[in-house]
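Please see the structure below; I have some questions.
Chain nomenclature is as follows: A, B, C, D and E, assigned in order of appearance, with residue numbering initiated at 1 for each chain independently.
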């Protein structure tokens, strides 16, 4: 039996089994869940070889599954994050209701993502895409809070994206008569110009929704923050990357084939830039960690889209490296937020303060991830940022580099807000009881933080498969030209050597630590954070000494003109006009998970039944 | 000026029956006693009708011998350029005065001070109990029956050499056993 | 043996930067005093202050991040220093001059302040946190024109490395401040913010926030911050000289050039009140941004 | 339960506070949502001590009410005592008093120049103006023997006549200061940043001014022409020619403009006084202070200081000691209710500037 | 190697030299004497040439300048601030009222003898002391520091109980973190 089938059967079986076991035994369910994640991962890495395909036919269509070099990069993200977040989820979700449903959904998401990566034809691609959307949708409404607002937003955007994609697929089929991705790519140059534009635009709408590209990002903040944090790590870290995956294929395989396509790519790049700026500014304004990270994800995806849009080899390297890194550090950060939520019950910066001594390991993981997120050497985030800037400067995108730089400088603001809000500041008595999160939650975080550290010094580890993937997409080999195991070059041959930097930092740190800090540390004693120089006064117990409200108010006041034009009200206005339709939609979507699942199944069945009519055109 | 003053007195006397005049003919000032309940109404009247828009001062005097505390609301009209003294006398113990900080906000400060320093209560007065003092548990200190010197002697250390208000030179000489020089003697008490 | 030379060279560079930075601080105090009609402290006053601070006891801490904050700052300063060519043509120890480029340096320079911000955050003093937020906000302000100037230079000379820019200046024979004047103006205006002299001393504004992020740090903490601040000032000045003024062939010229650059923020600061935070940010997004755009246009045309 | 907004203590130990007091501000972001003044750090109970001090001993306490400008207090006390007792003051003494008062005003303006700019981070101005203030203090030192506490204007006149050649020294100092005021204008009023920081900040409009009983430069800064020296003239101010500057807007900038003009007016008054100075006695001698009784009665006198109106109520019961001396400083109004009201909604960065601009002087509040 | 005791002595001498050249005064105007501090720091008297400069928070300051009378309310804050300062630290009592209460000898709200509550290293008398006296006071303090005699903080640490008893006598409501260094 083909190994690929086995993987999917395990996934499916696991999903069903966890759901059923969820009703019977908790421990068994957890074990099944983890096994369903780990076994396919192991099988995938050991048994599946690149280029290996399986063909089969379903209701008259020829389908093909197989992993490519390019897909392999994303498989790293999906499976790595999937397994680690799975381990984390077991601890994080302990004691919650309806866990079997959660786990099986989780597995379905992972399966769908793997399916997308395996799909070599548009039909299975679309089906897996829909499974992914549905399973993630059910996760967004899992908590049952604000379903009307958040769930519907995500659903509508996903639906719009899916229909756009479906239209593209149908158009492709009518033009080429084949469902294979390869045949689309080969036939594409022969299309007339309007079709050459239409297909990528429709596909990019579909992918843009998932990757939260402006102006399709509106759903992201709510959905990311409403899903359980264990899932959001995957949602933001891996699931959104499926959009990037599709986008890269579209841009590299299709758009670059049209001669006048460069402006199209410019538009994409600028959309990415605007996404980055908008996401960052909104992230700065948030008081809730989940929302902050959600907007930050939007911004980070914006950088990736910039890289994809620019599309030079260095930019593609940057985009893919950032995609991997984003999975690592954003996954960690969402997990950290989940850990804090579990221990304190809230994720609001204005409420939680001073956890650094209570949750030191979570802090350490968050700190490293934040440094990676901010792009400060020697952690991995820097590599992606560096390559992105160099590619932008090298390809004469002067203004875009400024826009991206503005966004990533402003990112320091929310980075600090995240660390300060939770971990620093006053240690209030109301959080005195808080303990470090369970080991099963901390260990995945630490592993991922260490991962981003290692990638910061030896980016070659991940650049190597990325290079292979890019070669498959038609790029020349970049190894030696743009990177080595721990060295980076730009277009002009200027370099950054990473190892000596690390060694220097460590040397200075050690020197400093031994001679100044450690010597000093022995003599000093810890005093409570209440013992501060508050102008000679002794603060009363009820007085709040933590600065948490309106953290970056002056900055936000300065950037007010930029933030005034937000896209959300536009959609709301549009939606108000469509009130009648929305009413109808609301009647169908009762808010119950089962109903949605039913609807999804009916949708898929209808699709299959009417496929000939639809696709026959 | 005299005509103006007479007119004003006439106005006030018709409006407030119990106002008793206490005139200082040589100065640009009107002066009368009223009942303490009248204070808000007379001040509002003066402010709104007569142009006395500025509350210059609220003076307070403790007449220990009479067993009364006198409050003097001094208001000023920038147009007529005449001071008006509105006086009232209240019992020293357990007195409750009407509150006028709705008419002039700064009266709040005066009233908080008087509450703390003289023990007079004001109706519906906002603000913390402690104004100038902190953790004070003695009697209201500005009352005349509170002996500040005795309190200071009890509470604080004094540096030797100033046990009383003696001549410092004398004390120093006594300590060191020197004679007071002649030129200094005539200054000693 | 080679390693030993490297290490000794690094230590010599650090000592040079420390001495120059501290002396400049003292001279600035002297100059400020002269403008104030005062005699002012001796030029070596900063060394005395630093030594005294080192001698003070540091009996308390509010957690290990407070101790690590100054350490981060020091590490950042020293490591950044390693990447800055002090003199042209390898006239000083090369350290790591050829191992990194400008974009790398931009990010490395953030490392310290962010660490310091974390240290300040842990003290629990609200003034520290407010000061940090102000500092970060201001940083977003001045980084934009600064990066625009740098990008303009990068485009013009097709290199992103400092040594490359220095070579380009040596070849063309003119300094970049003349060959790309708009970039220089934008960078100098950004520098006003970078040095945090008035009117951009909003981070530790004494009359507003006591002393902001350093409110809880005395003694050895303050000593570390002071000395790393001096090193960092040297780093920034040398970077400007390297990029815009063709570097320096020997130490005397280096001192002359850095000092003349240093006087711009200092003298502007003496006669300026402090901006509010949003005003400071808007300042950088006004004329400096305009000159930055001009610089980019200029660079892309020529 | 913890408060929502962050509490910041501006004072008592804070570089931005004007004296020993505390403003407890609650901030969200850098916007003040609530401000509470706390005073009492300087309460010495002068008015209590005067119960046991005779009329002359009480006089020595007067200048300690508020240090930046101590002479208006002495003058008020002297004038109030004279009013109750009916004691005449020689004409020369009145002129000398006006000169001293205006010198004190000028010295206080110099201090304000330093404080206002120091609060906004322009320390150079403080160095200049406080340094130049020493020239006025030198004059005081020559005239009275003290730099800060003069104890010069006492009931019945002044304590000493002018030393020989003092007028010339004063005029020379005035010439110098007038020149320096021009320098200050260049540094402060022509400074775009100073304008940006002060315009539209700390607004006290006319309604608020009347509601809070605002006095002095703050009142003139919102366009109301009011000055005790004109409205309720004392000493020889009715014989002098000077203007009362006003400005519109009621913000820090408007108050700064008013004070800038007032400093020049003070110089103008001093020049007039010296030109018109009559001869004759400077002191209508009081009896032996140990036996000096004042007839029963009360008096309320008002004086214009830099911060605004100072009122002094004195009641006598006919004995050796004052029955009651009750001082009302300008800061008593500005420093508590008005400050609390104005600060709400302002920026955290402007607290110190607003306090300086309102002339908050805590010893005057607490006495 | 050098004898530990001797090397310590040398270090002490050097450090005392540095300490006396660099006196950071806490910005706390506790009383009316604060009015003579600006002249002392500004252009005519220019204390900065002697190494005297202001410090914004107690953690950074070396010298606590008690500028005049202390009310009981201020005394509490002064003690708090003093205990937050880092060793070595010095107290200068400034003005007659810190020495013996001055003219407030019978006030119910001011303390009369500062050295019962805080260890005073130098007193400057006068009401108020002129800037010259203030500079002379700083000079005296520098001399004491140079000779290693300005050990008020040590005295405070050793006699903490005695000081505490005195302090608590006039501050009944004692809520303060313990003095812990």
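The rule we apply is simple: a contact is a pair of C-beta atoms (placed from the backbone, for glycine too) under 8 Å apart; a residue touches a chain by one contact, two chains touch by 3 or more.
Remember, predicted model here, so these are calculated numbers, not experimental data.
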item	value
Chain-contact steps, minimal, separating subunit D from subunit A	1
Longest centre-to-centre distance from subunit B, chain (CA-based)	A
Central chain (distance from its CA mean to the mean of all protein CA atoms)	C
Distance from the mean Cα position of subunit C to that of subunit A, given in whole angstrom	36
Separation of subunit A from subunit E, taking each centre as the mean of its C-alpha atoms, in whole Å	58
Multi-partner residues of subunit E (at least 2 other chains)	27-28, 42-43, 54, 56-59, 73, 77, 81, 106-110, 180-181
Numbers and ranges of subunit B residues touching at least 2 other chains	133-134, 141, 146, 148-149
Contacts with two or more other chains, residues of subunit D listed in rising order	6-7, 12-15, 27, 30, 40, 43, 45, 48-49, 52, 127-128, 131
Pairs of chains satisfying the touch condition	A-C, A-D, A-E, B-D, B-E, C-D, C-E, D-E
For the subunit C and subunit E complex, residues of the former touching the latter	29, 33, 36-42, 45, 48-49, 51-52, 55-60, 204, 206, 210-211, 214-219, 222
For the subunit C and subunit D complex, residues of the former touching the latter	32, 35-38, 126-127, 130, 198-199, 201-202, 205-208, 210, 270-277, 279
Residue ranges of subunit A touching subunit C (in the complex, touch as defined)	354, 356-357, 367, 371, 374-377, 382, 385-386, 389-390, 393, 396, 398-399, 401-402, 405-406, 409-410, 412-413, 415-416, 419-420, 424-427, 490, 492, 494-497, 500-501, 504-505, 508-509, 512-513, 516-517, 520-521, 523-535, 545-547, 551-552, 554-555, 557-559
Contact set on subunit E toward subunit B in their complex	72-73, 76, 99-101, 105-113, 116, 166, 169-173
List of subunit E residues in touch with subunit D within their complex	26-32, 34-36, 38-39, 42-44, 54, 56-58, 69, 71, 73-74, 77, 81, 103-104, 106-110, 127-128, 130
